[in-house]
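Chain nomenclature is as follows: A, B, C and D, assigned in order of appearance, with residue numbering initiated at 1 for each chain independently.
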Amino acid sequence: MIRVGLLGAGRIGRIHGGNVVANPRTRLVAVADAQAAAAESLAAATDSAVRSIDAILADPNIDAIVICTPTDMHADLIEAGVRAGKAVFCEKPVDLSSDRIRACLKTVDAAGKPLMIGFNRRFDPNFAEVKRRIEAGAVGKVELVTILSRDPSPPPAEYVARSGGLFRDMMIHDLDMARFLLGEDPVEVHAVGSAIVDPAIGKAGDVDTAAVLLKTASGRICQISCSRRATYGYDQRIEVHGSGGMVRAGNVHNTTVEVATAGGVLADPVQNFFLERYADAYRLELAAFVRAIDTGEAPSPSGLDGLKAQILADAATESCFSGQAVKV
Amino acid sequence: MIRVGLLGAGRIGRIHGGNVVANPRTRLVAVADAQAAAAESLAAATDSAVRSIDAILADPNIDAIVICTPTDMHADLIEAGVRAGKAVFCEKPVDLSSDRIRACLKTVDAAGKPLMIGFNRRFDPNFAEVKRRIEAGAVGKVELVTILSRDPSPPPAEYVARSGGLFRDMMIHDLDMARFLLGEDPVEVHAVGSAIVDPAIGKAGDVDTAAVLLKTASGRICQISCSRRATYGYDQRIEVHGSGGMVRAGNVHNTTVEVATAGGVLADPVQNFFLERYADAYRLELAAFVRAIDTGEAPSPSGLDGLKAQILADAATESCFSGQAVKV
Amino acid sequence: MIRVGLLGAGRIGRIHGGNVVANPRTRLVAVADAQAAAAESLAAATDSAVRSIDAILADPNIDAIVICTPTDMHADLIEAGVRAGKAVFCEKPVDLSSDRIRACLKTVDAAGKPLMIGFNRRFDPNFAEVKRRIEAGAVGKVELVTILSRDPSPPPAEYVARSGGLFRDMMIHDLDMARFLLGEDPVEVHAVGSAIVDPAIGKAGDVDTAAVLLKTASGRICQISCSRRATYGYDQRIEVHGSGGMVRAGNVHNTTVEVATAGGVLADPVQNFFLERYADAYRLELAAFVRAIDTGEAPSPSGLDGLKAQILADAATESCFSGQAVKV
Amino acid sequence: MIRVGLLGAGRIGRIHGGNVVANPRTRLVAVADAQAAAAESLAAATDSAVRSIDAILADPNIDAIVICTPTDMHADLIEAGVRAGKAVFCEKPVDLSSDRIRACLKTVDAAGKPLMIGFNRRFDPNFAEVKRRIEAGAVGKVELVTILSRDPSPPPAEYVARSGGLFRDMMIHDLDMARFLLGEDPVEVHAVGSAIVDPAIGKAGDVDTAAVLLKTASGRICQISCSRRATYGYDQRIEVHGSGGMVRAGNVHNTTVEVATAGGVLADPVQNFFLERYADAYRLELAAFVRAIDTGEAPSPSGLDGLKAQILADAATESCFSGQAVKV
């Protein structure tokens, strides 16, 4: 049994907490949160204790920590965790500064403890199946990857202001997915973006609609587009075109129900947001973290994956605001 | 060049007339219709002449006739046509009386001239592809056939009154399709029907919603359902389940356009009625008639196919109104 | 907290046991099974005790029982359960004899304790949404219901021999769904069936491919078809046509992945069997049982629903083997 | 009746020739081609005469010309045509040099004769319906356009060498579609491209896989991707995301047939290439040319549309080979 301490009891912390409880290999021992009420509520629901972060880190009976705190605490907590001898799972991003990430990863390497980064979409059963099909040769050599990502509605402008911007906050998931599917690292990044969904986002210095072109050294191409708003729900699609064919994964609808009337044939809406769409992904992500601990194999996605996605997000941000391509 | 006389210039006559003009192997020579205006309009549009039925039958330079008159003239005109030495294409049904059909087919046999019956759906590219897949072994041995057929809106009650009833007028197409796909003749027929779309249809002694079960001697099963009204357009689907899998053909939508909003994902309506949905089928049906004439091979669907569908329609009618199964 | 005793620790017992554990309103107290190993294995997995059926029935601290034993014990255990003052959930069917069901339901009525029958498909999110749409008026007045039901592979002939036959064992789910969607009771039943999948099933006196026509007093029609084998997985579809349109629920695929190659566009297979397809349905079914106990409202589907489905299954069986329609 | 002279009897000339014959408002009078056999074959098939280009231009009884010659003759023939007082339809592109196009359009303006450019995809019923939906407000304000375009197989390298390159030869259609759907002119162009399908294309100085990002002054974004090869056929899809929802048009399959087996559910392949996919578009395009002549309204797409698409193609080419964004 792997004994887990959970740092952060907000929306994503509650998801991971529930999965730790449900996983037969893990036990949720303690929950920490700066907001006492949040910690107490989650502890009560999961039959675990409320403790301080320091107490959790100091407890030799806790084997692993799951970091769900605000982003600016991630790197410090990762370092503290591995130094305390714990396996660490950390929500993305490691940090908004790639220099800080590099320093953090050095500490992780020195400690020799596993670090896994929460790029949950790699574990979505649909996207994971796309990856399996690629690896099985279903589409031959990968040539052109298309990733669409749209949130149902934009976050508040105050969130946007401290988020690092759309490319680092939202598209970073798609940039990781691009690397996952391309099988190579991009070397050239083009980005364009606009604040056309919500002017307040533009005033906060960010964009809410954006698209990126990536090219790898061998010539593989990826295009990503993001919008902070889709009236029809959470739109998450990928498509991979290769020398032998094309594989894609579409959205998940609430049900398979369709209604035909004079207006046409209406399919049920797509699942509304990440809590529904990626419920399985979060569960399977935790299972992969457990498996890495159990087998001693390096977790994936790794801290290096976190760094590389961040570097792409930085390059996209620079390209978007400079109007120029950026070499990576 | 096959010189064609067209008997009947109504809605279906205009379709066949257009296809005769467009087919490079046929020339439309003359058009006959009891309504002079209809004949003149179609003759003008097709650069052909208006003539009487008798004149067309008597013209030795006319090789083939296409019969699109009211049903009660079909059998007489088939007989007159083959006696006059012409290849005959006749819209379904041959007659509402299977005895009259039997007599008519004897005359056809004696004359030795080709007769083809207008079960156009066999030539629909979607349904024809289903048949090809079955013959290619894609689903193994056929076990269970499902046919759905719904018109966009019910005909006037006065039409219904002289139509022979839903089973003979509308479902006869599906009964022929059942034979086409089952590859065997049904021996047991169960039918139920209701007048729930339009009470006037019930008052006219007919049903507007009906379903049929067929069973062949070897145990293959087919279920057919018909409705005289579908608010969403012309619904024409088939599905064949076999020992090796399932093959189906769905509806044809007006376009591939889909719109996603908060209500769901709305596909464009299906094609509204038979003139759109079966435009290709009518064209390919005529081409098959031409091919039969050119090659000397027996046309298909044959007069016997017309008779067998009629026998099934009679049995379904009897079953529906008696509440009992009928052996064929 | 509702304290539950589970009678029967086979395949379906394990599903219900897991759901009792996961439901926050229920606690699994004890498990009984004639096979000690099965009971012990499930008790260990669910942190509950192994007890005899009699001990469970005699325990005043157990509030509800879930009956997952062989069919021939169902009616006796229902009676014993309600007499012991317990709420009872019983897998379908109540009994293979409708007379025995009637007697059992009298005992239930006299005891005044809730009885719910396991027609799980009513709780499938897709089918439940179809029902909600109908009730919301999305398709107007229901006229024609089509239900397709195909298992991935046939059961062993020895199972078939004591199953009561396809109509009582397999199609009974679809017959209940027919009543659920028609909103009326059928009065006329036509059935045909064949043993064309597996000759051993025919030798055991049963059919493996069958279709049924139902008609209600007001003229609504339902057609059901079943096959004991579908090479492509568990095929479970419904479609309801009404005066205002059509609503349908299709199969659930393993993922949304599609691969396009020269052969066409290949969608991922459908979920293989009921354990996958109806996992949510079983969970929601238990939640409905809990809700009935908590609110004191009559559970649905009720014992009467169990009886009425059985009567239709008896009628279908009679029609299939007599070749005649049966009035109900 | 509009009397038409056809210049060029190659593959695309034969399509337009057939449509001129079939359109009730046009008559195909004469065909010219440098290859006598091609001209004669098409003239025979369309019951028209073979003439020289000069003779056609000099004939005062010819009202319109349709230019389907090699690209390097387009601009000269357009000028000669309008000077001869004829309405001109010209296949894309007007010329590979935008300066030459500008000069040509001045001549057209001076002559005051209609010029229409063959961006046929605007007339595809699916894409035209997307445009209609946008104009009807179905998706609110357009924000993000995605265009996918893949040919079934690459052209010979010798064709590529004199084609002007992928962006001017192939993607120009998509660039015109981008303008059509964005409703605004792009001001910033990013492109990447690779020769990964066929090394010979790279040796010829071109790319075979490419993607482009466009941004308009108001911030609307479009991403286009092209591949010279798709094993599964001609892939032509567009999607438009806006403030109120999303509209898309997918591929057209050969039939609606699907086959389900253990491997999944296989849909029929998509239509193989432009002759099938855009047969309706070519027909409707000619009808629009006829309508412009009949009404005196300016044809659309216009010569200016041809110029603007060419400018975008030039910019994309520059961006692709320089690795830098290009302002337009």
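Heads up, the rule we're going with is that contacts are C-beta pairs under 8 Å (C-beta built on N, C-alpha and C of every residue); 3 or more make two chains touch, one makes a residue touch a chain.
Note that the structure is a prediction, hence the values are computed from the model and not measured.
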| item | value |
| --- | --- |
| Of A-B and B-C, pair with higher C-beta contact tally | B-C |
| Most distant chain from chain C by Cα centroid | D |
| Between chain B and chain C, centroid-to-centroid distance (C-alpha), Å | 41 |
| Between chain A and chain B, centroid-to-centroid distance (C-alpha), Å | 57 |
| Per-residue multi-chain contacts in chain D, two or more chains | 230-232, 235, 244-246, 260-262, 268 |
| Residue ranges of chain C touching chain D (in the complex, touch as defined) | 230-233, 235, 253, 260-270 |
| Parts of chain A lying in touch with chain D, wherever the complex brings them together | 140-141, 143-144, 146, 148, 150, 188, 190-197, 209-215, 218-221, 223, 225, 227, 229-232, 235, 241, 243-246, 323-325, 327 |
| Residue ranges of chain C in contact with chain A within the complex | 125-126, 129-130, 133, 138-139, 244-252, 254-262, 268 |
